[in-house]
Amino acid sequence: MSEPLLALTGIGKQFGGLSALTDVSLHINAGEIYGLIGPNGAGKTTLFNVVTGLYQASSGEFRFNGRRFQTGAPHLLAQAGIARTFQNIRLFANLTALENVLIGRHARTRAGVFGALFKNRATRDEERASIARARQLLDYVGISKPHQTLAKNLSYGEQRRLEIARALATEPLLLALDEPAAGMNATETESLKVLLQAIRSTGVTVMLIEHDVKLIMGLCDRVAVLDYGRKIAEGTPDDVRNNPGVIAAYIGAESE
Amino acid sequence: MEIFFQQIINGLVQGSVYALVALGYTMVYGILGLINFAHGEVVMVGAMLALSALTALIGWGVPPLLALPVSLLLAMAGCMLLGFGIERIAYRPLRHAPRLAPLITAIGVSIVLQNLAMMIWGREYHAFPQLINNQSHHVGGAIINDIQIIIIIMAFVIMAGLMLIVHRTSLGRAMRAVAENQHAAQLMGVDVNRVISVTFMLGSALAAIAGLMVSANYGLAHYYMGFLLGLKAFTAAVLGGIGNLRGAMLGGLLLGLIESLGAGYIGDLTGGFLGSQYQDVFAFFVLIAVLVFRPSGLLGERLAERA
Amino acid sequence: MKKYNFSTQHVLNGLLLVSVLLLPFLTDALLGRGWVRIVDFAMLYIMLALGLNIVVGYAGLLDLGYIAFFAVGAYCYALTGSPHLALAFPLLFPDGLHLSFWIVLPLAAVLAGGFGVLLGAPTLRLRGDYLAIVTLGFGEIIRIFMNNLNAPVNFTNGPQGISRIDPISVAGVSLNSTQQVMGITLPSVHLYFYLFLAFTMLVVFVSSRLEKSRIGRAWMAIREDEIAASAMGINTRNLKLLAFAMGAMFGGVSGTLFAGFQGFVSPESFSLMESIMVLCMVVLGGMGHIYGVILGGLLLALLPEVLRHSVVPLQQALFGKTLIDPESLRMLLFGVALIVVMLYRPAGLWPSRVRRRELESDEAAR
Amino acid sequence: ACGKSANDQAAGELVVRIGAVAPLTGPQAHLGKDNENGTRMAIDDANAKGITIGGKKVHFELISEDDQADPKTATIVAQKLVDNKVAGVIGHLNSGTTIPAAKIYSDNAIPQISPSATAVSYTQQGFKTAFRVMANDAQQGRALGEYAVKNLGAVKIAIIDDRTAYGQGLADEFIKAARAAGAQIVAHEYTSDKSVDFTAVLTAVKGRQPDLLFYGGMDAQGGPMARQIKALALNVRLMMGDGGYTPEFVKLAGDAAEGAYASLPGVPLDKMPGGKDFSDRFVAKYQPIQLYAPYCYDAVNVMIAAMQKADSIDPAKYMPALASLSHQGVTANIQFDGNGDLKGGAVTLYQVKQGKWQVLETVGAEK
Amino acid sequence: MNKLLEISGLEVGYGGIHAVKGIDFHIGQGELVALIGSNGAGKTTTLKALAGLIAPAGGEIIYDGSVLNAVPAHQRVSMGIALVPEGRGVFARLTVAENLLMGAYSRCDQAQINEDLARMYALFPRLVERRDQLAGTLSGGEQQMLAMARALMSRPRLLMLDEPSMGLAPLMVKKIFETIREVAAQGMSILLVEQNARLALQVSSRSYVMEGGSIALSGVSADLLGSDAVQRAYLGA
């Protein structure tokens, strides 16, 4: 069997005295949609932050696409192929939707000061290609008039989708989404689900945090459950749904 | 050893002066996130007002021990009015403007105040009358006088008073709430404008006290005195962690000590290579070193930004 | 907003260019030669403001010590283009070094850029006002060293400053003298005007190319949200350092020109107040917007002089006599102008597209 | 540009413009205004006298400018004065502004007389147009240094300078002279021209137990410094240059001023013919003399005397006259050497006694 | 049932953007009304206008018989209007207890404030444990509880909730909705904005559906829950 795309071993993260993550190990195979659930404050976002280099793990290490990572260097991880969205949307609020996605192209383009000043052939070609790709992505997630609309004036759902487009612009191998359906209604969530399936079908692996149990169960190949910073369950959606520990900590019994 | 002890005292006095002014900076910064560049100028106006009032009162034959508090109160009232006006005219309309816009108006206010003061009080230096018998005390070979003792005590008392207001009263809670989220504060029934005005007035009253203290200690007042003082106090506030009252106090005292020990010993430390002309360099190096290791100052909030 | 067709655009540009080229003559004829000198200085400030604009406007890093790079450039040429080094190293340079301006200029730019990186490196983790105070400190440190490095070895001549700096020459022609070109008399200030104009245009060109490039976009991303930017694969450390370095280089170039033009440099010219003024130019004009910044630079460089010429006549006209000291009134009005402009145009006089939008929606949301 | 004014008035009156430059805003504004007043009084006097040059009655007109003590602004106002076709300039106040401005006056062949810039390099730039009616740092520093050692018997001397062109220049010359006279410099400390707290450096000085402290700087710092010397029970005599010889110093220092020394180039005002009269009239008209007003007064008069001697207001004509003139002013008998420096200027030493500056003695600084 | 709040022709805009385009609705005394709609429909904007955070461009807000349009936000609190804003808006650097006291800022009846504090702690036992903790360090669900308790501390007559379930784990959502029911049962009028339309329709008695700044549908919640249009547009069936 080939090596998993992402493999975490014994990740721990402390904030002062607080242990947000304790000894978390898991792996994600290429092409999977992998769900991460757990109560509020369980450490899901923290785990994302470790994997995307925004936090440095207090202990443990992870391998991504055959390389070992330990230090927090977000741009290196982005270049290596991990892209993410944020739980509290972090778009470049005062830039247009198109500019937002173009910035996502940064990791995959080269032009430096020389190119900027002299606008040589290579630079112009690269720029043209970037814009074309960005428009394609915006189309894909369904945002119209991207060169006129400021990111912050988009509606909530559009902002979430723009974040996805921006992340896809980095040509990731692994797309990490932190609660993409928060604030969406059931119908909107449904179309998000279709979008994510389409993304997966292009070969991108997806890692997903959600509180919408229905979405997770309908979309993911495998699901891990965190509670108080520890992984308390992992498996297919059905396994997890019926796990008594998960019911107690997260879903709650129907009768309650 | 005597010399060293004296330098410590020098640093404490100077530092308390910085702290007095830094507290005012930090008050306003804490609530609005705005560097009130004009604060140094308000200190200057405080000193000038106090001086004018004092001169007039003494001229009318009021005994010094009465004239002093009365003129302090007058200066405080004047500065509060001034602070209120500055906020109303120059800052409030820009509350939702880009972040640097109020910085520029603050600079504008500072220039205006300086030149107004020059028109009103003239270009010359004013000597501060020696009213009370400023006794010197010998402590372990070092010397400290009454005014200096008062300054040190005053800085601590004011810090304690402010902490009491900010952390123990409903007004203080409202201030902190406004500082964090003005919309949410409004939803609690807080009149945001009023709270901000009160903060400015409080800060300006402090400035008046600082102004009087400073000019009594150095025996002079001048329309330009606010600039450097403001700058140093601002540095002190940042060193301690801007927005934090205890930080302002600590930063002020530390900056004073660094300066006096720097001026006194930098030559010995560098084997005579650098002298007291580099005391500010020394101070800034310490500042940079502190900020490199603690990017939000000594006591500043270190709520790492949540990603 | 309005779309001109190409020919109109060209005609407008042509007209602008011609009027700029004629500017020194018009100014000289209408207002006097002093004004040409003022305009020369204004151009130095515009270069400075455009340099600072890269740091503050594009990358969003508040720099209060920017004048230090101007100082580095100025002292570079002052040391190498004057008899001064004879004092420090009489054996090595009995008459001083007297390097050509055109050799010093690139060196000064690179050195200033190096200082930019030096300043940037320890401040990478700092934000907003903490960065402001550290850069302020850095500016002061540079000034203090310039002010004191006259002993033990006399590098900078300390507070006395360095005088007798060689004038700049272009193609062997010293700009310090009046020249005749095709029957037109060009006094020194005019010659410097054209030199400065060329450099200003270069700086504008570099700025605008950078702004509309991958690098410029990355700077804006950092300005908007550093964490999100780094998650997009932007090496925030390198790009911030690049912003500091580019900004510093502009400052260095401007400083070198200043030294040649003025013939004298002393630490007084590099005080904190100067840094603040340049910042005011950037913000007042319109942060992040090249034309806005140029306008800001021009305005703040000219305003004190305009006021100098107008407060007395104005008072005479209003009251029939000079009631208030013209000098205090002048600075007072200057301060008032800063306040009023910001109150009425919080995003600057001529804001960039982005800033304007930002403000509009912020205002709506109160 | 020639010095002739375009608008000769109807009565055949010749208008001669004289520029005056000093910082009128900023921390030194009080000195700048004093300079302006001194210049203005000389011009008013000249106009009252009714001077004729080249057969025409002359009306002098003052054009006062503010250079903000900033070198760049200084060149701008210099150019402005040139544009305004002034016949001569009295200024600037600081060395840092006088030096770059001198180049512009020289380029336009307009004589410049600084009343107060003391940096040696001002007159060493090779400009024929640059003059001063004030002893330079070398002359004054030498006089002070020698006096401190020879007359006051100082052996261990401490120095504080304010790191301005003036303070540093004067202190360095003082050190040279004091060392040459056999004294030992036990401490050299520094402050700035904006500071008010000197306790740290004074404490450092105290550790070296000097018997005399020389401060190179201005009254605004000297005053509080004297106070702090007293407060720290530092047992030294305080000595300053001309920057300390002001009523302001006495006012700011309070009773701590007692016994302080300062110098002033030239002979005491009331010993000079017309000196007492000048100071009385000046005080009546404006306010107590801050510092350089008499020098400004002299500078204008020297300039006018040169015009009269050459019988021309054209700078090209009267400049040679200026260079070779001998004029009895209220501060000294003014004569310029080849550089434009004051020839053999005397320096007078003063001491504060009973809250007033009193003359100690005048030392002729030959050479 | 008499109307506590009545809105007619309300229009709100941001600069050029017309977010709410003339809507009418009312809330009766003690009624629990839901406002649902897709992203960007203008729900939050409506609540902000009611709370006084943004000035309406047209229309009238009548609360308890008096016109509210010109009353500043902070005075509306003492009139009995409380909003739990989108994203909770707790004061992160104040403790839990201080946050609650902020809720009672406009009241001066110290004894009753203490009484209410005790009630809140009884209602949300989780907050008792965290009384002296900084609010910023609470988990999302705890913050939501705090925000609600804080709003209740002003003793509102009209409580407005903006997406109280957003970002909360399922267990937490249940808890919050239980609390909403409890509070409603005590007779408070509630205006609930929710993306989880099913839940909202289940707890409320009447509902309005917003679309593109206007009210598209309204009626008894149970009816809407069964309506095809609502099912398709909001319940994802």
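The chains carry the letters A, B, C, D and E, assigned in the order they are written, with residues numbered from 1 in each.
Basically, a contact is a pair of C-beta atoms (placed from the backbone, for glycine too) under 8 Å apart; a residue touches a chain by one contact, two chains touch by 3 or more.
All values derive from a computational prediction rather than experimental measurement.
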{"item": "Shortest walk length in steps over touching chains, chain A through to chain D", "value": "2"}
{"item": "Longest centre-to-centre distance from chain B, chain (CA-based)", "value": "A"}
{"item": "Geometric centre distance via CA averages, chain C-chain A, whole Å", "value": "43"}
{"item": "Chain B and chain D, separation of their C-alpha mean positions in angstrom", "value": "36"}
{"item": "Distance from the mean Cα position of chain D to that of chain C, given in whole angstrom", "value": "34"}
{"item": "Residues of chain C touching at least two other chains", "value": "147-148, 227, 325, 328, 331, 355, 358, 361, 363, 365-366"}
{"item": "Junction residues of chain E - those touching two or more other chains", "value": "17, 53"}
{"item": "Overlap residues in chain D, where contacts from two or more other chains coincide", "value": "25, 29, 163, 190"}
{"item": "Contacting residues of chain E [partner chain B, same complex]", "value": "51-53, 72-75, 77-78, 82-83, 85, 89-94, 98, 101-103, 105-106, 136, 150-151, 154"}
{"item": "Complex contacts: residues of chain B adjacent to chain E", "value": "170, 173-174, 176-177, 180-181, 183-192, 301, 303"}
{"item": "Residue ranges of chain C touching chain A (in the complex, touch as defined)", "value": "206, 209-210, 213-218, 220-221, 224-225, 227-236, 242, 246, 354-355, 357-358, 361"}
{"item": "Interface residues, chain E side, partner chain A - complex", "value": "17, 36, 38-40, 87, 138-142, 163, 166-174, 195-198, 232-237"}
{"item": "Residue numbers on chain C that touch chain B, as the complex places them", "value": "56, 62, 122-123, 125-130, 132-134, 136-138, 140-141, 144-145, 147-148, 152, 227, 272, 276, 279-280, 283-284, 287, 324-325, 328-329, 331-332, 334-339, 342-343, 346-347, 355, 358-359, 362-363, 365-366"}
